[in-house]
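Across the two complexes that follow, subunit A remains constant while its partner is subunit B and subsequently subunit C.
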Partner chain A sequence: MIKVANLHYKYQSGLEVLHGLSFRIGKGEFVALIGQNGAGKTTLLKQFNALLKPTAGSVGIAGLDTAKSSTGELSRKVGFLFQNPDHQIFMPTVAKEIGFGPKNLHLSKGEIEARVAEAAQAVGLTRYLGHNPLLLSKGQRQRVAFASVLSMQPEILVLDEPTTGQDYQEGIEIMEMVKKLNEQGHTIVFVTHDMELVATYARRVIVLSRGRVLLDDSCRNVFYHPEILKQTNLFPPQIARLAQAFAGEGLFKRPLTVDEMYEEILALASRPEGAKNVCCS
Partner chain B sequence: MSAVANYIHRDSFVHRLSPLTKLFWSFLLMTLSCFFRDPLVLAGLFLSIALVALAAGILKEMLPVFKGLLVIAGLFILFQIFFITDGTTLFTLIPGTSIGRVTDVGLIGCLAMGARMIVIAASFPVLMGTTQIKDLVVVLVEKLKIPYPYAFMFVTSLRFVPTFMQEMDQIIQAQSSRAHRLDNKNFVRRFLSVCPLAIPLMVTSVKRAERMAISMETRGFGVGPRTNLHVKEFRTVDAAVCVCLLVAGIAFVALHVKGVLV
Partner chain C sequence: MHSAVISVENLSFTYPGASQKALDSLSFKIAEGEFVGVTGPTGAGKSSLILCLNGIIPHFQQGTFHGAVLINGCDTFHTSCAELARQVGSVFQDPEAQIVAPAVEEEIAFGLENLAIPPKEIDERIGEALEWIGIANLRHRSTTELSGGQKQRVAIAAAIALKPKILLLDEPTSELDPIGTMEVFEVLKMLNREHGLTIVVVEQKVNILVEYVSRLLIMKEGGGACDATPRQVIAQPALLTSVGLKPPPVGELAYRLKLKGLYPGELPLTVGDAYLGLAESLSIKGRA
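For the complex of A and B:
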């Protein structure tokens, strides 16, 4: 679905941000891109819909070379959700805002209306379709932006820190929507600094450090390599750190979330020698 | 183009001058440019600005700005030159007709207007590139007695030019991700295609201004008299530079009155 080969990118200022990245992301994957500020995460994301084009190397999206494609052409394949919804909202109603993208694709009126209704329902904004999007809360505005990306019906969803500035509940709700879309077959690539979110939702994690891939593995394998993560000022989620603190006792396998640790504690407690271990520890 | 209003740190003679001296230099150039209509004299004035930028060590940063000004002046000339019918015809765009006629008066007049525009505009980025905004505010308020809120408003609007350009870049990216096109061939559609960019920029700017106002008020903006931590003194060297500039200015005007320079 996404094929990155020896990708280099240098800004006009001469600053080289990406240094020869190579990886593939298959259809239906749920990938988190993590790394410290300035690692090149957003620069990499912008390569996926040709907002930025490779200085050297290539990026292929569903067989299309981004160097030879425009952002508009790729918008049918790649939906890009930006950090700040206010950078795109301009229409007087939520319905028109969601319908802006499909209108640019010259779809029929009926098709646009159907897509608007579907996208609004997916993000829980159906009853706000007639509202002015600028008067909604930040969380709701982010949903409007998300719906306006969904209405393009892209196969790949690229999300740049989708939960930034949202309260915990809003953040979880957005990620649950993303998870649902992934279950429907969409490929997800998202950037976040929230390791708990990564542990809960991502199945694969790519760690970037100074424009290079430091780690590319399953979420569990990445978070149980704290010494490598530390090189890029990242820390595993608290549950993983707690489990690692007990590594010497051999108590836990490799839990990532509270639910997983709870299951492991229950399993331990059900064994007579395990119960003793848990109590003593 | 963010260099238009950005301070570029260097340790040069020009940087060390008082903002008042540099304001005087800028004002003198603007005044002189209004006296002359010979494109060569105006080009000479522009060259003097480029030399000041070179002396300040910021010529490299100023080159894109000057290039932009040249493009604007070129467009300005292009829009004017065909409408001046006085003088002898030099050539027409379509030979044998009067369509696209360019006359000697039109050519010299338009070149002069373009060059004047460049001189008037070019000194400003050099002034801003060599003067810290806080120093400029102090001079505007303390020496030129401009009320502080106005001086602050002026310099803040300059400070936000690069920020707004970054915001605009983000907005263009967000809208083009939704297949929005700006390169429409139809003029009306191209004009309308600016709305998806202009409205978010306006909304984010208003929000930013609101946040900034609150942030300033919470830090005591507008309460009681202000003091300044650093004051850039008007030194002897500044007085000498101002006298030299004044003498040069008077000489130029005298040569103009005598008809040597037109």
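For the complex of A and C:
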């Protein structure tokens, strides 16, 4: 679905920020892209819809070579959701906002209406279709922006820091919608600094550092390499760090979430030889 | 208890045209030397509160203002922002948006020049501020080539150079990676402990707040939903979950284990605390 081969990118100033990246992302994957400030994450995302084009190497999106494709063509394949919904909202009603992309695809009126209805339903905004989006709450505006992306029915959804500026509850609501889309077969790539969010949602993690891929592995494998993460200003989620502190004892499998570690501790405590070991005050 | 350096008395504020109050009958006091974290869902009024503490509300932001904010006894309503700036330093979310000068040294000089401080003293204060923050090596660097964490520390140094008694920060780490976030909080801890600054920081990341602050103010719908120590908050996860915030994972784990009688002593604020508690619970000797 996404094929990045030996990708280099140099800004006009001559500063090269991507130094030969290669990876493939298959249909239906759920990938987090992480790395320190300035690692090149956003520069990489901008290659996916040809806002930036490779200086060397290539980026293929659903079979299209981005060097030879326009942002318009790619917008049917890749949907983008940014941090601030207000940067992508500009129409007078929610329905027009959601229908804006499909209208530009010159779809029939019936098809546009059907897509608007479906996208609004997916994000729970059906009863707000006639409202002015800018008068909705921030969480609702983020849903409007999300529905506008969905109405294009992109196979790939790219989210750049989707939860920054949102509180925890709003962040989870967005990620749950993304998860549902992934279950329906959409390919997801998201960028975040929130390692707890990565541990909860991503199945695969690509770690960038100074324009190179430092690690590309399952979420669990990545978070149990703290020494490598540190090179790019990251550390694993709290639970992984806690389990890691017991690495010498070989007590834990590799938990990432509170639920996983809680279950492991209960199991340890209920073992016959564990019972006498577990004390409590 | 030292005397209150910040006193918020029945404060309400409504933006022009808004149907709801951004701040609604909020009251609290902060004593000299406290390190207070302010958190809450979006729209709870956290940023509006910061703007009231540095006087931008009511001096530059219109709206309906009721109640009073006293900074070292001065009513902000009757004190200009320029006067308040000598007592209160502010650092905002996006370091890019507040850094104006091309070089670190000039960035820090900017506020001092505006206060008409003599050049020799400006030079000394720049050196001192950079020294305090631990970035003396960045003095002659270009501000454009710094990392996010470095830029935010430059912004803090620029605020500190004005020698405020109180430092206000509104989501200073929201754009930063995890280690950049920690760097900023380490600097705040040092300023608080070694230089006695009173610090009020708005932050969404509850994990890092409980590790560093001495007091947490949780806001909801313009009011104070909870005012407690980090340990009190960890011991009652509902204080966070009821306003849509997530308890830190190690705190939540220990809380659930304690309900089963599997976690000894006080609930942990950090991964290190949790390690010691669990090691005791699982009877692991040696490193604990």
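The rule we apply is simple: the second predicted complex is superposed on the first by the 273 of 281 C-alpha atoms of A that agree within 3 Å, B and C clash if a C-alpha of one lies under 4 Å from a C-alpha of the other, contacts with A are read in each partner's own complex, and residues count from 1 in each chain.
Heads up, the rule we're going with is that a residue touches a chain if its C-beta (ideal position, glycine included) is under 8 Å from a C-beta of that chain, and two chains touch if they have at least 3 such contacts.
What you see is a predicted model, and the numbers here were worked out from it, not measured in a lab.
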item	value
Touching partner for A:I265 - first (subunit B), second (subunit C), both, neither	second
Which of subunit B and subunit C A:N49 touches, first, second, both or neither	first
Partner chain(s) touched by A:Y168 [first = subunit B, second = subunit C, both, neither]	second
Comparing the two partners subunit B and subunit C, which touches a greater set of residues in subunit A	C
Partner chain(s) touched by A:G248 [first = subunit B, second = subunit C, both, neither]	second
First (subunit B), second (subunit C), both or neither touched by A:A119	neither
First, second, both or neither for A:L214, with subunit B first and subunit C second	neither
First (subunit B), second (subunit C), both or neither touched by A:I89	first
Residues of subunit A contacting subunit B in one complex and subunit C in the other	none
Subunit A residues within the subunit C interface of the complex	35-38, 137-139, 164-170, 193, 195-196, 230, 232-235, 237-239, 241-242, 245-246, 248-249, 251, 257-258, 261-262, 265-266, 268-269, 277-281
Residue ranges of subunit C in contact with subunit A within the complex	40-43, 147-149, 174-181, 204, 207, 244-246, 248-250, 252-253, 256-257, 260-265, 271-272, 274-275, 278-284, 287
List of subunit B residues in touch with subunit A within their complex	167, 170-171, 173-181, 195-196, 199-200, 203-204, 207
For the subunit A and subunit B complex, residues of the former touching the latter	46, 49, 51, 71-72, 75-76, 78-80, 82, 84, 86-90, 100-101, 104-105, 134, 148-149, 152
